Structures are given as C-alpha cells and as structure tokens.
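We call the chains A, B, C and D, going by the order they appear; numbering starts again at 1 in every chain.
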Amino acid sequence: MPQTPVTATLLISCADQKGLVAAVSEFLYHNDGNIIHADQHTDREEAVFLQRVEWELDGFAVPREGIEDAFRPIAERFGMSWSLRFSDYVPRMAIFVSKLPHCLYDLLARKRMGEFQVEIPLVISNHRDHESVAGQFGATFHHLPVSPETKEEQEGKAFSLLRDERIDLVVLARYMQVLSAEFATEYSQRTINIHHSFLPAFAGARPYHQAHERGVKVIGATAHYVTAELDQGPIIDQGVAQVSHRDSVDDLVRKGRDLEKTVLARAVDLHLRNRIVVYGNKTVVFD
Amino acid sequence: MPQTPVTATLLISCADQKGLVAAVSEFLYHNDGNIIHADQHTDREEAVFLQRVEWELDGFAVPREGIEDAFRPIAERFGMSWSLRFSDYVPRMAIFVSKLPHCLYDLLARKRMGEFQVEIPLVISNHRDHESVAGQFGATFHHLPVSPETKEEQEGKAFSLLRDERIDLVVLARYMQVLSAEFATEYSQRTINIHHSFLPAFAGARPYHQAHERGVKVIGATAHYVTAELDQGPIIDQGVAQVSHRDSVDDLVRKGRDLEKTVLARAVDLHLRNRIVVYGNKTVVFD
Amino acid sequence: MPQTPVTATLLISCADQKGLVAAVSEFLYHNDGNIIHADQHTDREEAVFLQRVEWELDGFAVPREGIEDAFRPIAERFGMSWSLRFSDYVPRMAIFVSKLPHCLYDLLARKRMGEFQVEIPLVISNHRDHESVAGQFGATFHHLPVSPETKEEQEGKAFSLLRDERIDLVVLARYMQVLSAEFATEYSQRTINIHHSFLPAFAGARPYHQAHERGVKVIGATAHYVTAELDQGPIIDQGVAQVSHRDSVDDLVRKGRDLEKTVLARAVDLHLRNRIVVYGNKTVVFD
Amino acid sequence: MPQTPVTATLLISCADQKGLVAAVSEFLYHNDGNIIHADQHTDREEAVFLQRVEWELDGFAVPREGIEDAFRPIAERFGMSWSLRFSDYVPRMAIFVSKLPHCLYDLLARKRMGEFQVEIPLVISNHRDHESVAGQFGATFHHLPVSPETKEEQEGKAFSLLRDERIDLVVLARYMQVLSAEFATEYSQRTINIHHSFLPAFAGARPYHQAHERGVKVIGATAHYVTAELDQGPIIDQGVAQVSHRDSVDDLVRKGRDLEKTVLARAVDLHLRNRIVVYGNKTVVFD
C-alpha cells in the first residue's frame, strides 16, 4: 500500500452534451496523464453525464497545485459540477452512535486494520455506553444526550466538534436521533446513514418486528446519504438476506446486524475511495 | 417419477400445547406408518403449532379411505385445522393473465416438461393476445374483458368456469385486474399472485419506474396468496436481484421479469407439493 | 421497440496506451455522433484496454457503409481488435439440446415473446425427444445421433446446417456431447454453453450428486464461451442458489434447472446486445 | 438475555427407524417438558435420522442432573449418538490466527458486544502481530511460531494450552498452518475453519488470484469443521458475492474478507447455540 503511486481523481457531473469525453480525455492525453481508472455514465432520462477519471501525478505535465486552474476552463465550458481529490489525502471521519455498537466496532476495527485510509478522531453519542470502545481505538468520545429541549443546543455542540476536528465525513452508525435539516445541508453528501431495512420501508419504527409480523422472506439494509427529508437521501448500497418462518424477531435482528455493518462499511469504503457521485437524489457508484 | 410410492400428507395447525407431537407420532407409529418427511414449527409470539408429515400408504395399517376418520379424534382433541392430501391426486390449475406473458409461458412449459404434477385446463385473460399460447399448450382460453361496468358479471363467468373445471388452484400470472373480496374469500389459500416488487412496496403503480426513480440497488418480486386486502396476503416466497446506476427502467423490467417468473414458479411448486401451511397472515413453508 | 433509433456499436480491445479514449471520442465528436452508451475497462495486470461505444446512426456525419473505412486508420494506429455492429441486424441462432429441455423451452419462449432480437431457425439434438417443441416454435429440428464412430461425420453435418442457415450464434442448451476442437475454433466466441456448476467444479460427472454428497450450502451455474479445452472457456455469467440439508439430490436438480436457464438466458441476451468483449480467457461484460 | 429461561437441548443422530419421534416426544410429554424448539431431518440416501429438541428446565419433571440417566434407555434402544446441552453453560473458545486479523477482530468484538455467549481466554498465533489485539479484548496471547522442525513440538504446546484452559471450541480465523491429523481427531467436530473459497476450490494457493485469473463472476467462502483431510471436513455454511471484470485481485480480496468474517461468525454462532449435528461428512444445521 505505501508505495502505491499518488493519483488525482476528477469526479464530474453535468448536463449531457457532445464533446464531453473528448474534452476530458484530450486534457489528460495532452498533459501525459497515465490513466489508472476511467468510468462514465449517462442518465438518459435526466440527460445527465457523470464521470470519474483517476490518473497518476507522476509524469503529469501539470503540477499538482496547478491542476484545478488548468481544468477550470473545460469545466466552465460544459457547466460541470466537479471536484478534484488526491489519493494521499487522509480524510477525517466522525462516528455518531447510540446504544447498538456493532457498526461502531466494525468501522473502528477496519480503520485499525488498515482497510480504510482514514482518521477517526471523534465518536459522538447520546449515550455513555460505548465511551471505552472509542478510547480503546484512539478516538475522543463526546457524550451529547438529546432531549426535545436540548436538541438544538446539543447539535450546536456537535457542529463545533466537527469543525474543530475538520471532519470530512460523518457516519451515523445506528444513531437513533434525527438530525436537523441544517445539519443535513451543512454536511450534504458527507453524511452517511445506515437504515435497517430496504427503502421503501415499513412506515414507522422497529422494522424487524414489522418484517416478522408481515412474514417476509427477505430482509435488507440500506446505506444512504442523509438529506433534510428523513430516509429519502441518495442510496449508496443495499444488502439482503434470506429469512424464513424459522427466524424469530431476534433472528431477524441478528441477521440484520450483519447486513447493517457490511452494507455501511461498503458505503464508507466507496466514499473514502472517491467512487461515488451524487446527482439529484441518486448516486452513481463507480465500483 | 411414475414408480414413486403413493404417500399421504397431513398439514396441521393449532394452538400450541403439550403432547401434540407425541399424539401425531404415536398415531403414525402404531399404524406402521413409514414417514417420508416430517417437519414442524412453533410460532412463539402467536403460540401456534404447525406440522407437515408425509408417509407411505403402502404398509400403513389404516386403508386410504379410512385415514380421515381415524385421525379425526386426535384433530378434535387438539382443536386442529388440518387437511389430508394424497400424492397421486393431480390438482387442476387455472392461469389468469393480461398482456405480459412471461409467467404464463414459464408455467405452461414447466407443466409440459413434467416439472409440475398438475393439469392446466384453463387460461383466462382480459385480453386476446395470448389465446394461441394457451392452445399450443393444450389449455382452453377464455377472453373475459373487464370494464368497471362488466367487472362483476365477468367475475361471475370466471367463477362458473373455475367451478365447471373443478379448479383447485388459481394463479395470477401478471393479471392486472383486482379481484373482488368474494373471489379472494372463495378461493382463499388457493389463489397465488406474483407482485413485481418487494412488500412493502412503493405505493402506487409502476414499481420498476419508482425503483429507478428512487435509485435503489436491489429489486425484488413477491409471490403471495390473495386475500381481500390488496397485496396484503400471506407471503410465500420472495426473490431479489442486484441492480446499479447502469440499469435503465427497461433493464429493471427485464431483470424483474426473470425474478417474477422464477419466484412465481417456486411458489406454485411449493403449493402443488403441499409444502405450505397458512396461519393468520403468514405462511410456513416446509421446504 | 420498433421506433428505437438504429445505432452502431464499436467493440474494441487492444494493448493499453495513452490517447486511446481521446482518439475514439474525437472520431465520434467530430462526426457528430450522438453517444447512447460508452463504457471502458483497463485490465492493469494484462495491460489491455477494452471499450464499448454505441451511437445513433441518425445525424452521424459518416454514412453507415462508410464507418468501417473511416474508423480503420484509428484502429490500425493503436493495433486494435475491433468489430462494428448495427442494432437493426437480427442475428441467427442455433440451439443444441439433448434430453433436458428446460433451457430450450426458455430460449424459444423468450424469442417468441420478443425478449430476444434473434432468429432461431435451427434446433439440433442427438435425441428425438424435443422435435415437436422445435416445430411448435417455428424452428427446424435435426436429429444427429452421436456415437464414437459417427461423431466426426455428424459434426460435419452440423457444420453444414450452421453454414446453410448462416448461424451467428450457437447455444448449447444442456447439450451433453463434447464438441471437437475444430468446432470450438470455427465458432470461437460464438458458442455459449451452460455448465451446471460453478467453475472450478467437482471433477467428473453429475455435479448435483457430488454437491449433495459433499454437503454444500450453495450451488451454482456458469455460462461460458466454448473453447477447445472442456469447460475452460471465458465465463460470461454465473448464478448461485442457497441450499440446505433439507434439499435432496432431486431438489438440487430442480433448483439447478432454474439457475441454468436464467444464467444461460442472461448470457445469450448479453451476447445478442453486443455487450461482451472477450480477451485472453476472460470476458468484459459491459452491462 | 439474562432472564431467558434455562433450557436443555438434545442433539440426536441414529439409523432411521420407526418410532423414533414417538419415543422422544413421549419422553418429553410425560415429563411435562415445555418444548421451545424441535426440528428433525431424515437423510433418505444414508437412512440417517437427526433431531434437535430444546425444552425448558423449569417445570420439567426430571431434575437437571438426572436427565442423562432418564434418557439413556431410549438412546440405547435406538442406538443413538446423542449429546445433552444446557443453555446456561458458557463454552470456552480459542482462536488461532496468522497475519490477517479481520476474523479475529470480528469474533472478539462479537463476544464483547454479547452477540456470542462464550469465553475467549486464548488466542494462539504463529506471528506476533496481533498480540495487542488479544490483550485489548481480554484474551491471553501465545506466540507459537511454526517451522517444519518445530511443528510437532509447538502443536504439543498448543494442546497443553487448550487443555489447561478447558477449551470447548477451536476457531481457525485465517490460520495459515495445517494442523496434524491428531489435532483434527482430538478436536473433532470442535474445530471450525474458514476457507477463502467455495469448496470445491481451485487447487493450490491464493484462491483470489486464481479466481481473478479465471475471470469468475462469483466468489465464495466456506466455514467447515476440520478433519484429518485438508479442506474436506463437513461444511457448516457458505457465502457468496458477485464480482465483475471491474474487480481487481485487491477488490476480490477485500470482498472476500467480508465474506470470510461473516460466514465464519455465522458458523461459530450456530455451533455455540447447539444448532449443528454432524453425521458422516455432512452437517445438519437446525437454524
């Protein structure tokens, strides 16, 4: 891993139009870019073009700090939304958790094992239960209990912590509080939630109880970006597991836990590797 | 297949209570029953016991026509809902279809190939499109177009046809008309529908369009028994397929078709092999 | 479907090198090509570049019959293997079958329903069993029984039939005879087989029996292009199904049948829609 | 969890014969056993009967310490292999690990979170890498490096450690050393390994490299009991994941890691909840 050459990645979305691919590929070709990965997608219904292209900095004619300026004229010509990422940047991630720790453990262990290229300086919870877990993995734990009266104030404290720690990505790891629309906007496309069901889901609480009640033969979990509208954000990944009449509610919860942590980890991994572009209320996952 | 020994199958459900398994197994043991398959399930929340037991008629001390009478005292003692089936009975099935024929073709071909032990004398449709398909596979086709004014009358005709043909099982193979509550009651636990989505589903029509709109990463199909409440009947089987941003609505429809026909065929197969017990709004599938 | 605009599709593979994407996209851009689908892949280990690009003929500056000549200089500059397909060409497919007809029925029904854009003029079998099925779906049936002595002669007859019918694609739909290396070479990348197992598979015959013997919890099926070496050709698609101790060999065979026909149909569909590029012993599936 | 009533579980296997179910159910019925779970399976090919039955100790007429003696006559009459487990017994588990820690972390975290009812006093490794992980989760770490010369001696030390800690279950969590036939025999049906592939697998090392080389579209992982013959033991569980040409070897390894830890954890969970009966070279998983 350490010797992997440093790369730049462009994530692009814009109205579909002729000449887009030609323009981007010309830019890289004329500057001697050695392309590592390139993928693109056109949503015909929405007439939106999306692209991910990654190339080695070594040998590229434009120095690293000049790439943005060099590319900007192309971006402006086509009216692109775009961002540029470098592979040696280590993002900073905060985890929000409540009582159920399986996703928290899984994310912290993956970071420890080197599966994620990330720092996790911060764990925030409305309960004290998992303070020692955070400490064990080198993260600072903050207890921000939430009641209807304190909700706004506590979210303000959370904002400060996220800013102080220069957090790039917020992960809601079975965090059972609804964040405000301001939060969703401020950390738009940078907050990932794991929902313990398919979407569309049973309306209301306790989806595994409802799934059992309904007698379903498949359960699911959904990782999505958080938006102002609850559980309506762009879906990143979904996983499923077969169940049967032999599964009690406890069995569904147990199988669901494994789905939740696996699906959430996949979504976080895709985000950290700059594989996702959001447009409208959807994602393109360049896997 | 032809030399398979003839078996009897008991399907039982009742309030959970001690001594149930002992009573049924004693009954079979004392009459020299050679058990081929036995499975049971207890729903702890509902305190319901369900059992399926299948044994060879050959060598059984009670003659075939006396088994019902011999078992009745046990059934009455425990307050059982129960039915007795013989493996050499060939059920009679009717298929309802509208414009989309993939499930119709699949079911007819499976019967022709000997995958299903069933007769399919009757195909009913609100369109004329697939008349020749029915004929090609030896079924009589009836065109019963439905409008709000004629709905009741046409369903009456369908009833007559089903009765005249002594139909045991009705399969709605992408039949796009809603049947009346009377129908659902009359053919309760004997009408299987294929729903082109998970349940719970997107509210409203065109689930693949909605799934695409929502940007889901998994699609599903659900086979269930029809009840008076639309799409709320006991689920028999569900299937899923992974999708991605690369899939257009047409791709979802295409992948969905394969799900629908496979899931529907599995449900029909389980029903024909007497593998399903319904209780409340759920199924136990003794697979 | 009928009003879908006619498109041209380029399938390209060559040694990876700079400027490839720029050259192809320039070619299309300068000729006013309206791109419908574009995808590419680079195999880093093998340093191979592969691309699929599809654009509308309507409005393209180069007339249909001139596209090959117009593109050839680019292809020669980069040393490309390439082919050009038009979406209004209807390929011609032959099906080889033995005793088990589930894949045969499924393919013929899909063609009949319009799922496949294909002609199926020819069914060849070493048994007479399914002669009437072929006829029912409008294909000519040829009975070519094979013994060690007649194998070469019968394959010669098959060759003639394929040539006379100008067959583009041969599908082995559970055809239980091994074709010669000459056949595999002559119809290289144009013969699809369904293997009733994962690859790598249990060595020897009757994989479902071996799977049951081994007590596996998952079974699979594999669709692949046929090469001279048995079951070693490029894999197009694989499917899996969960099984348990409750499944007898017959149950595995039954579940396997559904896998086989679904996986084979997916592979045929991908081939017919010009979605597959073969390189070395692998496929890239531009789905 | 703590208030769950204490249960007894019988795991039974024997030659299939009439009267088995009647005898066991009579035994429980006459002693006022409140059955919590009962499931059975008959392997027709092998003529083997297997059963799992679990009932509450509270209210059972036979005191806990007398159940074995009370059941023995029935067991002897039918020639049963059987074992009796109590739900308040906390098994003791040792984990063997080499360089790759994802399964180790996952198992330790599940125990910590209360997902497994188990003690994990012991982690053994042929490398020092994960000593601190063991300590962090309260297990004693033993470094037993293995070379061809020291293999026998080190296995002897491992034996002593397992005996001293009264270990019930050994889990090979990506342990890359082959254990001796003596070990497999001594801990027969009590040693679980995770194999990073389907079985049957590619022959030889590095299955993900081979899978990539072969161009497969599905990868798998297999949890099995260890026997004297390498990778030939009874399969407990298998998992699969779809892959495509877009997945590099690194991607397969990454997806494989998630499969491995999930499948291994499922197998360990089933074992700890007394859900598995082994017979011949197969398992019945009463899930």
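As a working rule, contacts are C-beta pairs under 8 Å (C-beta built on N, C-alpha and C of every residue); 3 or more make two chains touch, one makes a residue touch a chain.
Keep in mind it's a predicted model, so treat the numbers as computed, not measured.
S.K.: Which is it for copies chain A and chain C: same residues on both faces, with over half shared, or different residues?
M.R.: At the contact between chain A and chain C, which are copies of one sequence, the residues are largely the same (over half shared).
S.K.: Return the chain whose centre of C-alpha atoms lies at maximal distance from the corresponding centre of chain A.
M.R.: Centre of mass proxy via C-alpha means gives B as farthest from chain A.
S.K.: When B-D is set beside A-B, which has more C-beta pairs in contact?
M.R.: If we tally the C-beta pairs in contact for B-D and A-B, the bigger total goes to A-B.
S.K.: In whole angstrom, how far does the Cα centroid of chain A sit from the Cα centroid of chain B?
M.R.: Roughly 42 Å, centre to centre.
S.K.: Roughly how many whole angstrom separate the Cα centroids of chain B and chain D?
M.R.: Their C-alpha centroids are separated by 37 Å.
S.K.: Any chance you could list the residues of chain D touching two or more other chains?
M.R.: Residues 44, 246 of chain D each touch two or more of the other chains.
S.K.: Can you list the chain A residues touching chain C in their complex?
M.R.: 18-19, 21-22, 25-26, 28-29, 32-40, 42, 44, 242
S.K.: Going by the contact rule set out above, which residues of chain C touch chain B in the complex?
M.R.: 101-102, 105-106, 109, 112-113, 115, 136, 246, 254, 257-258, 262, 265-266, 269, 287
S.K.: Within their complex, state which residues of chain D touch chain C.
M.R.: 41, 43-45, 198-203, 212, 214-218, 220, 234-240, 244-246, 248-249, 281-285
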